[in-house]
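Note that chain A is present in both complexes that follow, paired respectively with chain B and with chain C.
Coming up: the complex of A and B.
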């Protein structure tokens, strides 16, 4: 059976798919927020001199980086309710989006932690010493001297992590969330898959354009932020 | 008040490496003490134990009658001690994320709780004194080493500390920039502030120091007036060091 492709129809699908954009953005922003919070906690642990904290953080990072996000989604979405059920907790009220946000936050937090650790260590230790020498307390030195420099170092990696996270939001369709990819699938199914090539090309274009914007935004912000200064790594 | 800075029996090890082996030192108000010694003698470490950038393992540090025991000290004690001192670093260590003006203002705003406008006014004045009036809005990386170090000196001076610690302030500079920084330090010395300077600049020591301390192997070998120590040292180790530093060729011949 021959197929007829109608490439001219591709632009028309873009606005239809984009109707699901708010869902994708919601997943992206919530996952970003939580992954940064978890990542920061893990970073504190991985930099700590306490051996137990250190081992837990390193183990967490290693596990989360090693497990495919899709496996994590299936584990949490399918496995966790079963386990919780057996101890008498009903998880049927938890939304699918919440599961996806949890999974993406966990898996991305490992990358975020590695990013923060590297950025923190990239700031010359003389900067902290200078802050101490003028009489600053540890937290003040961190807030005013160390963090702003570490942030500058982290911007490119942060941009990269956000792009990866954005692409991973497409995994939400596997549990039936109508995100960008979920919407594309729905459109395609509604016409029994006859237009699936065009729909998925449109989806790919949407992802690519947004990633392109994010990438350049990250470069622009880095340039603005570090203008006039030397990078913290010297 | 007897002494501005008093160090008692300072011991410091890094791992198995015993760097400072019981150093005592008393420095009066207004004294300019220059510490000389071969590398590895512990002079920089000694300086860093004074403001607890490296906490000594044993002994005590007093600055302006405020004494901190090196073995048991609280964070707030260390901060109070540091606020009586200021430091000028070998690598300048200016805050890279701040302009020269902000570098100088930083301590006033965060530690001394100055209003921003007041802090800016006095910071500009002091930067003009070290010849950086035109460079206030530059970032450290846009300045030469000599300019950065003069800004570092301004950052230390503005805090009006009881003692300024200079850690090899000219060692990282290009030779032609050493002069401008030494001149700035000389001008600071003339204001009567207490200073401890670790340096290799013998000529500078001769001119500025009120006392020269020679260290080797983690102890003070000899100390006294610059004309005594630098011209007619009693200890053979001091003599050897001065020969080597003032005339490198002679030292080579001696070892050959």
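Coming up: the complex of A and C.
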């Protein structure tokens, strides 16, 4: 039992773990991109007057909000290849990072869709009417009038969603991707687990610092962007 | 293809794992939210030193993924308990402490941090005049808090707390990695021998979906009951 802990060694692990940072960033950026694309499609569905589209979008959002990301990862990573195999498609060529990106995109897209919907609805209806009255067409009105205002409303939530997504990238180790946490596990198992607590604390500190930076960045951008603009909420 | 015999055989074990998930979720929510309310009150009243410590704690807990918190709790707490035992002159065998305790402690700390932010914004959303009105009729500060401010703050906080709780139920699935046999771990264990992953995880998904559906409904009910505490829009 006599484990002694050497907390002075924690800072030394940070550069070693940070070697895996590019992988985490790659997963983060790709999932962010795809989750925004999927989220936008779902938002269009949930705002449309078509009842079927509406029901599918709402169902998708509540399904994705109910399933733990870990279960989604297992379902896709372990379950999907089995199903595909039985219908004759070989999925062994798909990289692990691709699975993680797919899972994180799907689970985050529900939050993104909710965010976009709320932001879109927060823009005063009169804005669109005013845009139409000066002769703008539907898409032009959206691009030049609605979107810039909705974006300002969405920045804080977007920042939050990105931070949550960043934290969820830590689940990449569950399929064996060497991201920040995967690297930490590799380092601790290389020394037979004797330094695991220090390594995990070091990883925690890395996540904390990056989240802190992201949070302040989002606040700064919000301030810059909304300066001189009327608050879009009516 | 889908092995229905496996599904039928494993349903009882999966349902049997639901209580441990709920145990973690409920105990973490109850203890964590009480702590969170305490932190919110400390930070709201700007108690010197304690308030700053709480701010750092909240920022750390919100910045670190729950899986890392679970690992840190799982590896650090046995040492802490053992050292405490030595300091009071007893050798405590930490291997007898079930892993679920460590998982609950990690989840409690996580919930305390997130709920404290919710309570803090709810407390500041209650009109300042309410507190002054309480003082003017001679209530003490604690009376005013218990009778007037908290019910209103609760009504404001409830929708967010509901979302937080659903996130917590999903978060308990990560306790699998510190060796707690909750729903996800049980599914994995059942699936392993014959590689029935797809069946096991479809059922796991269904269970989580049903759970979040039920809790969603419950929170809606409670929200409606608390609506009477909501200030009607008088500008």
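By our rule, the second predicted complex is superposed on the first by the 234 of 234 C-alpha atoms of A that agree within 3 Å, B and C clash if a C-alpha of one lies under 4 Å from a C-alpha of the other, contacts with A are read in each partner's own complex, and residues count from 1 in each chain.
We adopt the following convention: a contact is a pair of C-beta atoms (placed from the backbone, for glycine too) under 8 Å apart; a residue touches a chain by one contact, two chains touch by 3 or more.
Quick caveat: nothing in here was measured; it's all calculated off a predicted structure.
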* Asked: After the match on chain A, would you call chain B and chain C a fit or a clash?
  -> fit
* How many degrees apart are chain B and chain C as seen from chain A, counting from C-alpha centres and rounding to the nearest 10? -> 100
* To do: Please work out whether A:211 is in contact with chain B alone, chain C alone, both, or neither, and reply first, second, both or neither.
  => second
* Between chain B (first) and chain C (second), which, if any, makes contact with A:152: first, second, both or neither? -> first
* To do: Between chain B and chain C, pick out the one touching the greater number of residues of chain A.
  => C
* Asked: Counting only touches as set out at the top, which of chain B and chain C does A:220 meet: first, second, both, neither?
  -> neither
* After lining up the shared chain so the two structures overlap, which partner does A:74 touch, if you call chain B first and chain C second: first, second, both or neither? -> second
* Structure fact -> Once superposed, chain B sits from chain C at a minimum Cα distance (Å) of 17
* Structure fact -> Overlap of chain B and chain C contacts on chain A, residues none
* Asked: For the complex, which residues does chain C have touching chain A?
  -> 1, 59-60, 62-69, 71-72, 75-76, 79, 82, 94, 166, 170-171, 173-174, 176-177, 184, 187-188, 191, 195, 197-198, 201-202, 204-205, 208-209, 211-213
* Structure fact -> chain A residues touching chain C in their complex are 1, 3, 5, 63, 65-72, 74-75, 78-80, 82-83, 86, 167-168, 170-171, 174, 181, 196-197, 200-201, 203-204, 207-212
* **Footprint of chain A on chain B - complex, ascending** => 51, 53, 75, 79, 82-83, 85-87, 89, 91, 93-97, 106-107, 110-111, 138-142, 155-156, 159, 165
* In the complex, go through chain A and note every residue touching chain B. => 124, 126-127, 129-138, 140, 144-145, 148-149, 152, 228-230, 232, 234
